[in-house]
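I've put the structures underneath this note.
Shared between the two complexes below is chain A, which has chain B as its partner in the first and chain C in the second.
Showing the complex of A and B:
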């Protein structure tokens, strides 16, 4: 086995994995706090990539500004989706909520195809073609940006949940919504901000990964599947679990694709969640209810 | 009571008679083709309804079992020369075997986890079908599948196929009816409403669910095989997300947990799909909006409109109201 190739595969896997972690963090936050398994989460990733593309090409703004605008706009759209669909249904059976999130996913994905067209697009970034050598490993600057920006965003989210007043309110709501409401926490506000945060993270991930791949209106489907694999592996509701599981999935996929078969690489992730759900249904890292 | 059930069977007989003469009213091959598609979707939706409606679990893997049935019969008839009539039960058996293995694994978890797990199994079956080119010819699909035939009677056009699928739909509808009125069927509903309580009454929740799941997958496999021999070309797309969503939309719009609902939903789906052909990609947006709207505003689906109307009618005449649709799984705090 060639070590250079091996190291390159690991590095590629870590970058992909970090993008998965960003997607999965939002998914797991929404589950932990709102108890919603949001099948539409991947669509916010798709919107993030497309809004970055359109702000960049139509308004002529540079890539970083476009990505930031996209994250904010998508967070706003998340608030609207929560207001119209998930908040009114919050006391309904989980089956109803699952179905409504599926409906929303189909709505955004097909609406996206209608508005953006089905042809692939390419998000312009000044970092996409610049290459950086680190030892024997070669990465584009864009891929390093994916990793670095994701680390910064995740640390910020972690500190926010851990130490800010609002983060404490989120954790209290995750542990016991009724108890949290009794102590005077505005549950509606917590739901709104959590959803906005989750959608913003998904959009950021889309904006970061966008320049490294072609974007289609159906990529949300791919994103939500990756997010679910990570979230199931790490345990629904666990932020630290999502971090380890996401990096693990990225590396395993990369090695599997490099050494076994690219075609069956997609199936590796599904096989992993099946194994995890059957062996430890609450995830590899889970202990108890609440945000961790 | 007697007159009511008499009226009931009269209405069913009238409905079946209407369905039997429909191809003669259609007048052209295109409409007859749509009738076949309606019945095919009704059959598949009835099978999905066993899981979604009676067991109360959301599955995203159903299209994969349709695909397994379609590929089984197509491969048997094109590569081994097996008559399609024998391929049909084989398709049901193979799909049921897949259903048994996957259900045995997946039904250990419930709710969102079950949905995600079936999504994973469905995606694996899709990936295998798409990449195992030696067996399935991969994305190129299987072409020149021979039409279904019973002795000299060939189901190579829309009209005979319509009657074949109609017979299967009626058989499945009768099966669902018999199931719901049987002990096993009541066990299904008890498990759907409150699994721990059902278990405390001595119902083996896992076995009950597995039974329903395997029955649903067997019917899906048979439906897939008929589709393959009717359209005569299949590609892995039959297992794709698009088909998964279509079947769920049909069941939910029509009304889950009812027999009429999936049949009605299939009519609405095929009708809108064809009449809105000019709308292009907008069609799927409309279906998604219909799905979301139904979930939020009309959880019992279209059939619950009729029940609502009948209840308000009864209220005017001071008759006791019958419960509509699926009241107890909707609403109420968890």
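Showing the complex of A and C:
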């Protein structure tokens, strides 16, 4: 076996996997804390990429600033979506919420097609075409940035949930919303914060992955699908689970595509879900209810 | 619930109402010729669908401004096939059964054209556009016409250019995993091996893929002199051309015939510089109808005129020519088909000649990207 190719495929897989982790973290947070299955999550990823593009081209800001602005704006949009749809429906049946999120996803995707046009766009980044050779592995600076920025973002999210006051409120809500409310925690605020965080992360991953591919209004489908595979595999509500499952999916996809067949790359994700669920029905890292 | 009688009454009322609405709209004028444009208006092929539709609409505007065809205006109705055979079939059914259109333009992707032609078989004049699969016309029907050169015609021309002009010692293929992509691999493997180019291997990627690093890492490790990319879809193509450079590949890149467009060049950055392709469309062509169409297109749309848009225009011109030849009756299908097969049809890409099976012969040119412009390479 050619070691150079093997190492390159592992590196490709880790970068792709890290992008999956960023998408899945937001998805798993929203589920873990608020018990909402948000099908519109991929659309926030799409918006993240598009807003980075438009801030870059229309306002002429550099890529890093555009990505940061996009994350903040989409976090804000997440708050609005929560206020308009998810908060008013919080006492309704889970299916009602699930269907509403599906409706929101269609609305944003089709609205995006109308607003941004169907033509593919490219998010300019100064790091996109700069190739770095690390030993025998070749990666662009942008791909290294995807990995590094994701690590920083995930560590920050972890510390936030673990040690900050809001993080503790989120964890309390995840364990028992009524109990948390009785101790004086403002559940509405927790909703708002969780959505802002989740959508901000989705947008960040859109902004980071954007320059490695082309963007078009339906890329959200792809993102939410990968996100769900990772979340189900890692265990619903588990942030650590999302981290391991995301990296695992990325590496296995790239090795499977590289050494077995590209045609099976998509199938590998689903096969992994089935295998994991047969072995651990609640996902790799799931134990009891709560945010981990 | 509604009883059967209520439903029948409602259906009768509708049946009465429709012709009334039709006549009041047209009044003294003749009713328009209604043409369905079925294409990928959403999904990953949405941009190609948009370009084709724009090209068709610009040509319809040019023709309508001159008074239409035999005194009748052209009216285009748009349908979305989402690039999928199932949606293409249901769109064609809707156009024929519900909207009662006179003629159909469709078939941007081979897979869609192959299944859609069965629905329109011998029922309605159908112009297939960019699809290249030979079976579209080989197993076509008496009212079916296809504009694009088949992959066999394209590869015959293009393989000569690759052998004589680009001259790689060895080649690897990066093809989309569908009917057309597999056919391309077969064609070029035969033709290029025949002129002494070593074929080192191939990868098939899926139509839904967004990242190609895994496949390109494999192809790069083959150390071929050139990588041939068969990608129809602009967004996938642009990502592939960029990622080829990003994986550190420094060999030649060859773009498949018929799939070079200004948007692809714009999105691909510098990675398409000096890359060759073959195309029936060049902006410096000499057809008389090219200039008015280019002007109308630039006036109405912000995209640069492209081969796909030109095919849209060509489809409208073909239908208009047929209707004119049949004395203005868009339903005289036999007359229209006979006229199209017996006469040369003047279009934006020059004179078209249709075979008995409805296959057009187009002049194909070798093109190259130079300083982010697609220019025709002449000997």
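FYI, the second predicted complex is superposed on the first by the 290 of 292 C-alpha atoms of A that agree within 3 Å, B and C clash if a C-alpha of one lies under 4 Å from a C-alpha of the other, contacts with A are read in each partner's own complex, and residues count from 1 in each chain.
In the analysis below, a residue touches a chain if its C-beta (ideal position, glycine included) is under 8 Å from a C-beta of that chain, and two chains touch if they have at least 3 such contacts.
All figures in this text were calculated on a predicted structure; none of them were measured in a lab.
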item	value
Which superposed partner A:113 touches (first chain B, second chain C, both, neither)	both
Which of chain B and chain C A:266 touches, first, second, both or neither	both
A:165 touches, of chain B and chain C: first, second, both or neither?	neither
Chain B versus chain C as contact partner of A:214, first or second or both or neither	second
Contacts of A:37 with chain B and chain C, given as first, second, both or neither	first
Touching both chain C and chain B, counted on chain A across the two superposed complexes	110, 113, 118, 263, 266
Chain A to chain C touching residues, read off their complex	2, 4-5, 8-9, 12-13, 16, 110, 113, 117-122, 128-129, 131, 133, 138, 140, 212-214, 216-219, 222, 253-254, 257-258, 262-263, 265-266
Complex contacts: residues of chain B adjacent to chain A	56, 58, 105, 108-109, 111-113, 115-117, 119-121, 123-124, 127-128, 130-131, 241, 245, 248, 252, 281-282, 284-285, 287-289, 291-293, 295-296, 299, 329-334
Footprint of chain A on chain C - complex, ascending	41-44, 46-47, 49-50, 177, 203-206, 208-211, 213-215, 217-218, 221, 234-236, 238-239, 242-243, 245-248, 263, 267, 269-271, 303
Chain A residues touching chain B - in the complex, by the definition given at the top	35, 37, 85, 88-89, 91-96, 98-100, 102-107, 109-111, 113-114, 118, 221, 225, 228-229, 232, 236, 263-264, 266-267, 270-271, 273-274, 277-278, 281
